[in-house]
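Let me begin by presenting the structure, written as structure tokens, before commenting on it.
Labels for the chains are A, B and C, by order of writing; each one numbers its residues from 1.
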């Protein structure tokens, strides 16, 4: 029984991180219908920034988050201007998604290899005073990095919720998401809204990277595996459902953890795979979506 | 109707490759590069069949390639003649495609892409666990190694693939898949069973990828980690070749593969990883400014290469 | 106030408007009449910046509109209630109104403008927290008009307001529109398929057929115009919808 509770605890911490990892991808997809397959690459990039701040200047990774946010936000703006905004001229949503997939795929090649050249393909991780430690709450062990990750994920999710739900900017984003043309008729500069949203999305990826590098590790080519996690969580949450992302991540974390508990650790990927296939087959619109079966 | 100009060009190029090793002393490394080129041609045609013509972006091609490489290797090792082993390997890819295709093809484009890459990655990891040690052929095979049959087999498979794609694309089936690509809903309304068409195209694409895998496997003795042939690289490189060369055409994948393989070799010596960055930038530029790839660019200059109409913006 | 000079408009490669020229004067209510697909909505969309024109130009209070994006045109003082209302379905009534005042100038006055809209359409105040997608047709139309008014426009374009609404609701909305026109001197352009409605509310009108303007004139002139009575009023049997 105790082991089971431990499993749940572990699943919750991992799940929160999964949710955090997905926020940036979900935002871009929900708002602009762009699929950024370079999302994992940006997570790794954010992780590197934090890593170097720690390795060179001893900065606590969690304190580096504000700086990572700023830098990644600017990178996101550049990324949008260079690769995504030209796609807005395309007529239909379908071709926009496909083209964004292709273009960001090219971005992976460029950025991943730039990182490999500059920083070598070695695996990097942050080893600090809190690494590997855990604390006991009510007889259950929680890893310190996991708790930090959980806290960051929750804070970021709540902040995002408030930005989107309560601020004028957030309302403009939601309007542009629901009907871009009508938003223009309300005086909303939709392109500028997209511009800033892209910055936010990449900044979110950066924050996720900080948590990844301090709880696990990163390497220049490791973006793909995090991208896949984000894909699964995004599908679970349902398209465009940004507020459902962290809950969906939690569910994935729990399911994975319980699955591993049942079949054993070496089959972790197989468990995730089975979960994924089941979702794809029976509820591809996600667990939280109001709409029916999405099919083209 | 046979496009005579294109047939002549194809025949001439084939003849060139057939005759080349007989008259020029190519070292084994050059032969290997050419074999890799032929493998890439088949892989990119395979991806293009689904991606450029049917409009389904399959990010999990590596799964079909790897599956065939593995099966071909195991069967051949156990004594089956290579040709049958390759066919069996290709067939195993088709079976895999059947399993993967059923849940994923019903999904919208994005989710199809996501689903395929997730499944391919999962397969790679599983294979890594199931075959953690290296795989190699017994010594008897090594002693009788001769690169020429491998070269010609790979060449033959490449030519076969190009011809098959051409026939396919000109057939009624080819018309069907282009309809699905251009507007799936409209196609459904005219009575085309779009799921069946996508599924068949998926299976064919897997078969071709399997052939590529078989040809590749024939040329390898030793696999340090078999999971390496399931790596996403085997999806992404052909994808690059197709987009740069020109998707939705017959010549595009061939041109793109030439470009990719030859330039890779040239640059890799001097620039190392940077050459991949150059490809990445080139790729992005092509997508932004010349979506019909090199073929489209060339088409503006001369009308030698042909094919079905360029992939329109949907 | 607004001058449209010899414009041609295209949807992609297909031409929709040929050499359209018209004038709107401040304070009036002008209507475009015509059958389905005649091009009336296209004229509106071109003015609002949703459809790009090739050739000719549109001048609003001395400023050329033809190169401007939609949101800039709103800033200049033109607001459109689009065909089909195009509300933000997952946002509440209040949020839809708030977002209507997204320009700098309008956002400063947002609070008082919302109060004004609530006076015009009290039902919107009642339904403030309700999600827009769940409103009835009439309420949605009121919200759409309210949202457009939030931008404090000088010129309001209303595209096919009566579609799918019952005559009573249409009557009410028209009343509000006419009051606003009178009291605030708000210039209004009305595109209507229902000629009866158009003629009852407007001062002046243009008849659009096949992408061209074929007639124009004061309401009295149009009412007795043979073309209209034969072609439009004859077939205009309004069914009760909603």
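Basically, a residue touches a chain if its C-beta (ideal position, glycine included) is under 8 Å from a C-beta of that chain, and two chains touch if they have at least 3 such contacts.
The model shown is predicted, which means the values in this text are computed figures rather than measured ones.
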Most centrally placed chain - per-chain CA mean versus overall CA mean: A
Which two chains have the greatest number of C-beta pairs in contact? A-B
Quick check for the class: compute each chain's Cα centroid; which one is farthest from the centroid of chain B? C
Dist(centroid_CA(chain A), centroid_CA(chain C)) in Å evaluates to 42
Give, as an integer number of Å, the spacing between the C-alpha centres of chain B and chain A. 31
Could you tell me the distance, in whole angstrom, between the mean C-alpha positions of chain B and chain C? 55
Name, in rising order, each residue of chain A that touches chain C in their complex. 168, 171-172, 174-175, 178-179, 181-191
Write out the stretch or stretches of chain A touching chain B in their complex. 35, 83, 86, 90-92, 94-95, 97-99, 101-103, 105-110, 113-114, 116-117, 224-225, 228, 231-232, 235, 266, 269-270, 272-273, 276-277, 280-281, 284, 294-296
Show me the residue ranges of chain B that touch chain A in the complex, using the header's touch definition. 57, 103-104, 106-111, 113-115, 117-119, 121-122, 125-126, 129, 184-185, 232, 236, 239-240, 243, 272-274, 276-277, 279-281, 283-284, 287-288, 291, 313-314
The answer for chain C against chain A in the complex is residues 48-50, 69-71, 74-75, 79-80, 82, 86-91, 95, 98-103, 106-107, 147-148, 150-151
